[in-house]
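As written, the chain order gives the labels A, B, C and D, with residue 1 at the start of each chain.
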Amino acid sequence: MTSSENTGRGPLFTDPDPDVARAFFREKKGALTDKLMSVSDAVARFVHDGDYVASGGFGGNRIATALLHEVVRQERTNLGFAGHTTTHDFQILAAGTRTGKQIFSRLDAAYILGLEARGLSAQARRLMESGEVEVCEWTNYALACRFRAAATGVPFVPVRSMLGTDTFRESAAKEIECPFTGKSLMAVPALYPDVALIHVHESDLFGNCRIRGITVADWDLSRASKHVIVSAERIVSTDEIRSDPNATAIPAFCVDAVCHVPYGSYPGNMAGEYFSDEVHLKAWLDAERDVEAYRAFLDKYLYGVDCFESYLEICGGEERLAELRRLENN
Amino acid sequence: MYNAMELMICVASRLLEDGATVGVGTGAPCAAAMLAQKTHAPGLLVAFEAGGLAPMLPAMPISVGDSRTTYRALMATSMCDIMEACQRGMMDYAFLGGAQIDAYGNLNSTVIGDYKKPRVRFPGSGGANDFASFCWRTLIITQHDRRRFVEEVDFLTTPGFLTGPGAREAAGLPSGGGPYRVITDLAVMSFDEDTCRMQVESLHPGMTFEQVQENTGFELGQVADVKETVPPTEEELNILRDEVDPDGLIIGRS
Amino acid sequence: MTSSENTGRGPLFTDPDPDVARAFFREKKGALTDKLMSVSDAVARFVHDGDYVASGGFGGNRIATALLHEVVRQERTNLGFAGHTTTHDFQILAAGTRTGKQIFSRLDAAYILGLEARGLSAQARRLMESGEVEVCEWTNYALACRFRAAATGVPFVPVRSMLGTDTFRESAAKEIECPFTGKSLMAVPALYPDVALIHVHESDLFGNCRIRGITVADWDLSRASKHVIVSAERIVSTDEIRSDPNATAIPAFCVDAVCHVPYGSYPGNMAGEYFSDEVHLKAWLDAERDVEAYRAFLDKYLYGVDCFESYLEICGGEERLAELRRLENN
Amino acid sequence: MYNAMELMICVASRLLEDGATVGVGTGAPCAAAMLAQKTHAPGLLVAFEAGGLAPMLPAMPISVGDSRTTYRALMATSMCDIMEACQRGMMDYAFLGGAQIDAYGNLNSTVIGDYKKPRVRFPGSGGANDFASFCWRTLIITQHDRRRFVEEVDFLTTPGFLTGPGAREAAGLPSGGGPYRVITDLAVMSFDEDTCRMQVESLHPGMTFEQVQENTGFELGQVADVKETVPPTEEELNILRDEVDPDGLIIGRS
């Protein structure tokens, strides 16, 4: 039992100081400038070795697959990574670089390794059991609240979970006393990622984005992150964005790069667009069990692929994608 | 005839009354909620932690965030919005899947072995700790064996009654919550009001208390009048097999 | 200067304890039951003398005018009231009952008395300068955050405004030290109103609601309040609600009563529906200057009116409303 | 020719550079932002505290929450979303209207007289305290007289530099913010970097420092090279009168 402790002993990977973040955000200008660029340019410009990266969507749903692949291909290393229900996105980064280097070395974990009903990732497990990744434990809600605190511009928010558990003990949260009720609360520190990778349904050139279906934590994540790379199923005009201001989920002043990537969440599920490719996801999980087979799989589907369009092609191309569209919209 | 999973799902579904609210994960918990909706609880309101609220589930979701969880839903919202409905006391049940569990209903889904050098690493809390902290009653559905039902969990991921009476409140957790029922392939367990320890509430057909105790790594209690679990009805099984899980993803393929 | 103090000396009108609220919310059942009722029934059932009441929208925009009028006509007294930019809504309640009793006696104030660019309400000023209303000061954001804390189910949230000012001194906030950064923060206590009066564009019979345009603080307010009365421009089918889950702003399990009130925000502005009636609002402001004229005005437009439809009628009826629709949608 | 309000709005608009973000209230601040957009700062991003973000304002809003503030806007959102963009440091300017003001730019919009028994009650903070706490630079536009420019405000509603250098940070306010310019019908004032006290930056055509001091209830400083305020240009006046405020709601009817 840990209820007598008042500070988790897990590592705090990022600075929760809102004044440090404010100094950064102050210089972030140019809401209404053209940010359209290629996936490779966006990753080259805004994801650096050592950065703390967060992935939007929910593991295998509305994830920015194209951006994640590119991070691997550009061989970023020593990243920090935030995982609230990180599943296929985790699996992609867990692959490591073509030359065998680890992509991330620091991890805020709420749900990792698993692909929910699909089973556990053998590669993710190998990585996490290697001891090579420094881990801090959280819950899904606590991690979402860390983005919320950062988006809000305060150094922490209080929550009522994690209390009394080892999840708290291995976190970097702090138990505080409520000044009004005297009750114990869990203070979760603001998490300002260096860069967020978020896939959306529609964006204009400036980065005003629309999301359909659940927003998970992306409303807060897009606001909390120092840089935001958006990939979008469709690029729409700013006139179109202005025709329905209620539909905007992410305002342009949060966004640094906009990439046009149809099917950009494949093999994940994109609400209202296409269902997940369970065949491909199973193949990925299966391949991970055997190191040799896995290497061949990665060469074929990740390392040896020149761009995301080619990946879609070798995964079955238009025919398969049309099938996934039917599956989603039947 | 029915298999153990079918029994578990049917028994679990009966615990969810009409008009209640329940947060579920994928798999058996979701199947139980769907079955309840199609039998005695059409007004059961199902919430998914990633943001789906009260969908007309066209099929079993693969992820608690996939688009089936918002198919003709009343709302497609955020993780915080769902979790905060739970935190402010509006969610009656949390329905969690299998894990290492102790006599107080504490759950481990993080590691086997020492945390710093784990023998096995599992996914971690996900939303389980949040759900079990916030919702009024936690339901747990799991296989019953001594590896899972242990004297002490290797890692306390998700709170049950912690160390016993008053411990949740002392830790700062919302008062009045905690585990409610554990449904396994052998029996249904509840928790003693005074000690907060697990006790057998009903034994599945053919099971004895001794058999259940034998498969449990801690001392089990039992209620004064342990009953036999009412087996699945024909109607429940038909709906479960034909409408809830026609592909046998959870109950197995026939 | 007050930066050395650490507790505002203003009164805390409501209990911020989330466990007390949880015990209430636990018993709030029946999300999917028919809640359609008349305005008079809704107010009779869910607004009681002594209740703490909050008004949705933004003062003169998307306010629940019909519900507010009914509170006055049913002569509720001794209410608490939350005012973040409360303008015409404030003016309505400030009128007092037909028999001269005050409607509210406790006020959380962020912006009161004024009608923004239209000027100050003489009646509101008389009331507030009478000393008969106990006041606690806040800012608009702080008050919104009090609803946010309650909606979140925690006893407070930290903000970085109000610090160092007399606004803090006359509030019920508390200065706390951030456990991560050591910085001073303002803890604002959760505000759980007994009842919220919220006007929306569309609701189904159960209270699943859609709002267009700005949501102000109503997302949080609807979740924070023990009871919620919704008035809606249109009642739509639950099928219609289910056809676009992204459009739902308030879920049924928060709502206790649904009233069908077309033009329910008149003379306020309803985004996408009708503009504010500046002529009527000016007449109201002007009438307040002279006590006799004001009494006659209230008899004609408020006390002597049997229902909201009659009010619309004497304010110009369909012709005027059509004009306001044109003004909004030109 | 132009009147004082036209001058103030034109001078204010020039302070808002292209690409900046500004939170505005109704009236003169909004007019200044609109004028800036139509002249040198087409990319000025205007936010309204009730939730309107970057509208194509078809006319002067009457309320910061009316539907004009979301007319062809980039986003219609919530008060918290706007205020939190400010709180996390993404809003360059807050643009506030008139109030009682002291030498440190502290504002009173709550009461005249004692708080408990006020001679006059005003609206209170609204979003002003939040804006002035969070935004990097606060601009204030107000009439210039000794009733408004006072040695000590009766009630410190909204923070300027509080008691002087370092006081904002000591109180816990975000570091680096504070009042930037005060624009009146007599002059433009800035704040001395060392003392945080108000000083004349430029005098409106025909004004002397002495005249300004005479209308101020505290001792005013002045910068080394006080300039004459550049009067409104023909172009500014035309746009202001024809496009920004054609009904003369703020600049007066012609």
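General observations
In the analysis below, a residue touches a chain if its C-beta (ideal position, glycine included) is under 8 Å from a C-beta of that chain, and two chains touch if they have at least 3 such contacts.
A quick note: this is a predicted structure, and the numbers were derived from the prediction, not measured.
Considering the contact criterion stated above, the chains in touch with chain B and with chain D alike are A, C.
Ranking A-D and A-B by contacting C-beta pairs places A-B first. Between the Cα centres of chain B and chain C there is a gap of 40 Å.
Measuring from the averaged C-alpha position of chain C to that of chain D gives a distance of 28 Å.
Across the assembly, chain C contributes residues 18-19, 153-154, 159-160, 183, 185, 212-213, 245-246 that each touch 2 or more other chains. Annotation for chain B: residues 70, 76-77, 80, 87, 134, 174 touch two or more other chains. Judged by the touch criterion defined above, the protein chains form a pattern that is neither an open path, a ring nor a star, and not fully connected either.
Every pair of chains that touch is listed here: A-B, A-C, A-D, B-C, C-D.
Remark: chain C residues 18-19, 21-26, 28-33, 150-154, 208, 223-224, 238, 241-243, 245-246, 248, 251-254 touch chain B in the complex. Those residues of chain A whose C-beta lies close enough to touch chain C in the complex are 12, 16-19, 153-160, 174, 176, 178-181, 183, 185, 187, 189, 212-213, 245-246.
On the chain D side of its complex with chain A, the touching residues are 19-21, 43, 45, 53-56, 70, 72-77, 80, 84-90, 92, 134, 136, 174-176.
The touching residues of chain C, when paired with chain D in their complex, are 1-3, 57-61, 84-85, 87, 109-114, 116-118, 120, 125, 128-129, 131, 137-142, 144-145, 148, 159-167, 170, 175, 183-186, 212-217, 219-220, 269-272, 275-276, 278, 328. Residue ranges on chain B touching chain A, taken from their complex, read 26-27, 49-52, 60-67, 69-70, 76-80, 83, 87, 106, 110, 115, 117-118, 120-130, 133-134, 155-159, 162-163, 167-168, 170-174, 249.
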